[in-house]
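Below are the structure tokens for one structure; questions will follow.
Chain naming follows the written order as A, B, C and D, and within any one chain the residues start at number 1.
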């Protein structure tokens, strides 16, 4: 880590334990909800790699999530379970490959323009699925049977089984989390952090910054692809809406809500976002009004996101302290 | 004379209709400290930006050991040994001094694909970083977050980062700006130490320092080279005195 | 329920950590043993919000008229806003099915969302009544004993219109619709009847949904000079199309026909441009049916506004479910009996009596309607007791 | 396609492009000068259309509605800038994007609460309700031509404002460097407030102008938003000229795309965008 690591209490094992034990208590619906939150966490973490760690504010991240989800449906046979060995790497590679191509275009721009151009490109991909028969047009397409993992005749993992699915998602969440942690402390991760801190200096130090950004972009696309794969398996259904800019906005919101630049923040953001949707939806028909109000409030008064809340409260209690902008 | 490393041939740069540099030619040799003097707006920084690749030239050539590198990107030039420092401190403010230099050293051996290794685990990078920190006289501040350093220390770090990339050419844009007398003294000492192994281009306002360290001085006015030669020649040049030294106090930017 | 309590505590505490929030416990988790749990999954925000509200109103009106009961049982509602977002459809359906354990699922307007709901209902064997979405598949390849529809299939009004336009001696017709399955199915249904009767569809034109820049197509139509035009549009798009068609001067020379939604719920906005347009649908203004008059009065009294076809469909969804409950004495656990009773029911709908086909789609009269004084006045019955062919249904 | 049809399609694309320009111009102003990606731009468009509807029903006159609506939307723009945006200038672009994202949800729900979810029409003013016969079957509504005229007028007005007025000079200066302009003693806060108000008003005005043709319906703002972004991306950040050229290009691409390759018409505009970006990553024009 570029910054001297502060000694912090580590809640991760506790959270992991809670997630592992949850299905014992939870009903089917809440298991699915938690699984969804975990999938969204992977998605949000992948975006955080760009926004929080590389300084690339992408407003089109749903595109990679979406194309991967579509690839699951397209790669699976119509009435038989797809082969996990094929479908999973296929989805991740699809996400990464699309990110590669899009990255070639968008990474030539910077700052506010980058936000716009990623948005525009994601929208282009949205229309590819929306307007062409490739993925069933605007009506979407169904995954009739979810993939399974076979060795010979024996089915090792079957994603149609809700319990198995839950633990597979949990396992992938852990893998993605560890992978990102490892990546961030690697030379590549440090270079990305350097790009976020001062891209110009990275160039003059001799880093081929474009390639590094592309590497980050492709990695994030692949991880988003993993999330897209899991999402397609969870709901067995893909529509162009999963690539829409609303989806990109939502995942960006999760990252901001939780506080960008920390993987835990992405998780907190995903959790808070899904729970808020759930709670507000139950409260009123006009739940989007509440959601909008929360977004505006967070942006206005809580720039560090929810994960900055304890620090802020502490600062408030101790009296003043350093004010963060 | 020693080996010719970097040279500019008729270099020009226009902004709109104005020439910031016009037909500038100069040579940089290994072991020679080449200083560039000139009043504000003489095009000194533009020259450095052209050599480092931060600005594309409107005309002319830049040769690195005889090879035309005018079209090269700044990062490619850096990888080929052209290191530069900035007039305005340009560091990674959130990182420690060590990490600033370690990252700089990493640019030489990127190892970008070794994503399962610790960035801080490479001894060669750590050594290079520590050596550069030592040369710049920042060893005591190694683990301090760069953004909290004093201005003078940040200037030192600026140099340390360049050194960590083990360049053969050093383009230094006012390294003494904002430094106290003691720090300046140390920097002048460092420049002297570095000269034998590097080709150095120094843009600087501090006359005493320039005449103390420079082997060759080029004076620029309104984007053009007025005169170029050893310090004695420049000191005695009537043209230079009229255009620059005689025009009152040298300003500081 | 012990489990529910644990869950709630867990969520409360974790949500508390996340943002100092508290879940509204009661509406989410209250469970009552003896009420029938009705899940309404309808659009309450976005383009179709008014349709979702009308369906809800219609359903609730029927329940109110039964004294707050259906089949002798109290009703408890659970609502989810589906936002007409197909991406969220499986999840939203699961909310009602798995979280709220509803006994019957009512929804929805948007065909894409309804198709996803249908899949979920098939998987979870939940009872689903579709009060609007007309996608042919719902009572076609996706048909299932537990899936019913009280509205129509896209095929029905379009097929009837094909017959009408052939009778009107139109030979060459251009079709125009949004490019999504509902539009394509409407055009297919129309074409089937129209070409069987000897007409010819000279050009099928589609534009991406929900694009409303019609001018290039109108220019095309003007250049092709067909005898008539058949279109499928709904909502805001229908308003704009009808106005643009009129403004381009085409209405005078090339008559415009459409599937009923072209002029339903949109007449106020379309104004004079819609005047005289012929459409086909399973409901109309000015039906001489006592049941309809009573319904309209009651609806207007209850909600201070006029009902529309959507309200009727919601109303009939409740009636259909009530018929099923009556067959099993209100015991929803007797699924087979319930389904059998619903299949056999004759629904005394404001639109006229209808029964259900084998695939659980209404067998109903399709009316030919003409826009007069901002009403879809019935002219005649375009097709008597028209049944959807239910292609692909194996049941 | 015969020649007269081709000409009519050309007219269609011109007319569509000009309207697009009108809707996108406010976005590009706010984007270019203040550096804010205003996702709520579509909401302001919708707001304008609903104002046209509500105020016309109240006053019975579209002109009165437009005048009152312009005043109202300028006020709303001022208030939003003062209450929300002005507090975010020192922050990341991202915060501003998210703020506008939240505003979309709020505006859409407020619309639902205040006006309801029904589709409404706005009558074309009597004076402009005539049509011009173009071919034996096709005629062209005068109101559409009037819209195009207004768009051209506004484009000229904006050009004049930015090029030749003192305010325009300050706006141009403000777009290059906020701090420096402030140091020169120009009240940059006021300029930003005016620009934001202007952007909101332009969007709302576009909504009002288009209301009689497009009718007003929920979600109408979202539909125009993305295409406006494409206009800005193709045209170049903050370039009013770029927006005009881009809008006309899109009008052509969309119209003829629908005629020539109807199955891929939705995509054609985006292919155009990718091509432009490949050629010029920052759009056709840069800066005002």
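As a convention for this text, a residue touches a chain if its C-beta (ideal position, glycine included) is under 8 Å from a C-beta of that chain, and two chains touch if they have at least 3 such contacts.
What you see is a predicted model; the values in this text were computed from it and never measured.
In the absence of subunit A, grouping the other chains by touching gives B | C, D. For subunit A, the chain with the farthest CA centroid is B. Rounded to a whole number, the gap between the C-alpha centres of subunit A and subunit C is 35 angstrom. Centroids of subunit B and subunit C (each the mean of its C-alpha atoms) stand 73 Å apart. Between the Cα centres of subunit B and subunit D there is a gap of 48 Å. For the pair subunit A and subunit B, the distance between mean C-alpha positions equals 43 Å.
Counting partner chains per residue, subunit C has residues 45, 179, 208 touching two or more of them. Counting partners per residue, subunit A has 127, 130-131, 286, 288 as the residues that reach two or more other chains. Annotation for subunit B: no residues touch 2 or more other chains.
Per the contact rule defined earlier, chains pair up in contact as A-B, A-C, A-D, C-D. Put simply, subunit D touches subunit C in their complex at residues 1-2, 5, 8-9, 12-13, 15-16, 108-109, 112, 116-121, 123, 131, 133, 135, 137-141, 143-144, 213-220, 223, 254-256, 258-259, 262-263, 265-266. The part of subunit C that touches subunit A in the complex is made up of residues 3-4, 6-7, 10-11, 14-15, 18-19, 21, 23-24, 27-28, 44-45, 79-81, 85-91, 94-95, 98-99, 111-112, 115-116, 119, 179-181, 208-209. Of all the residues in subunit C, the ones that touch subunit D in their complex are 45-47, 49-50, 53, 179, 205-208, 210-213, 215-220, 222-223, 225, 235-236, 239-240, 243-244, 247-250, 253-254, 265-266, 268-271. Within the complex formed with subunit C, the residues of subunit A that make contact are 18, 22, 25-30, 32, 36, 127, 130-131, 137-140, 142, 235-237, 239, 241-242, 244, 247, 268, 271-272, 275-276, 278-279, 281-283, 285-288, 306, 309.
Interface residues of subunit D facing subunit A in the complex, by the touch rule stated above, are 31, 35, 37, 39, 84, 87-88, 90-95, 97-99, 101-106, 108-110, 112-113, 226, 229-230, 232-233, 237, 263-267, 270-271, 273-274, 277-278, 281-282.
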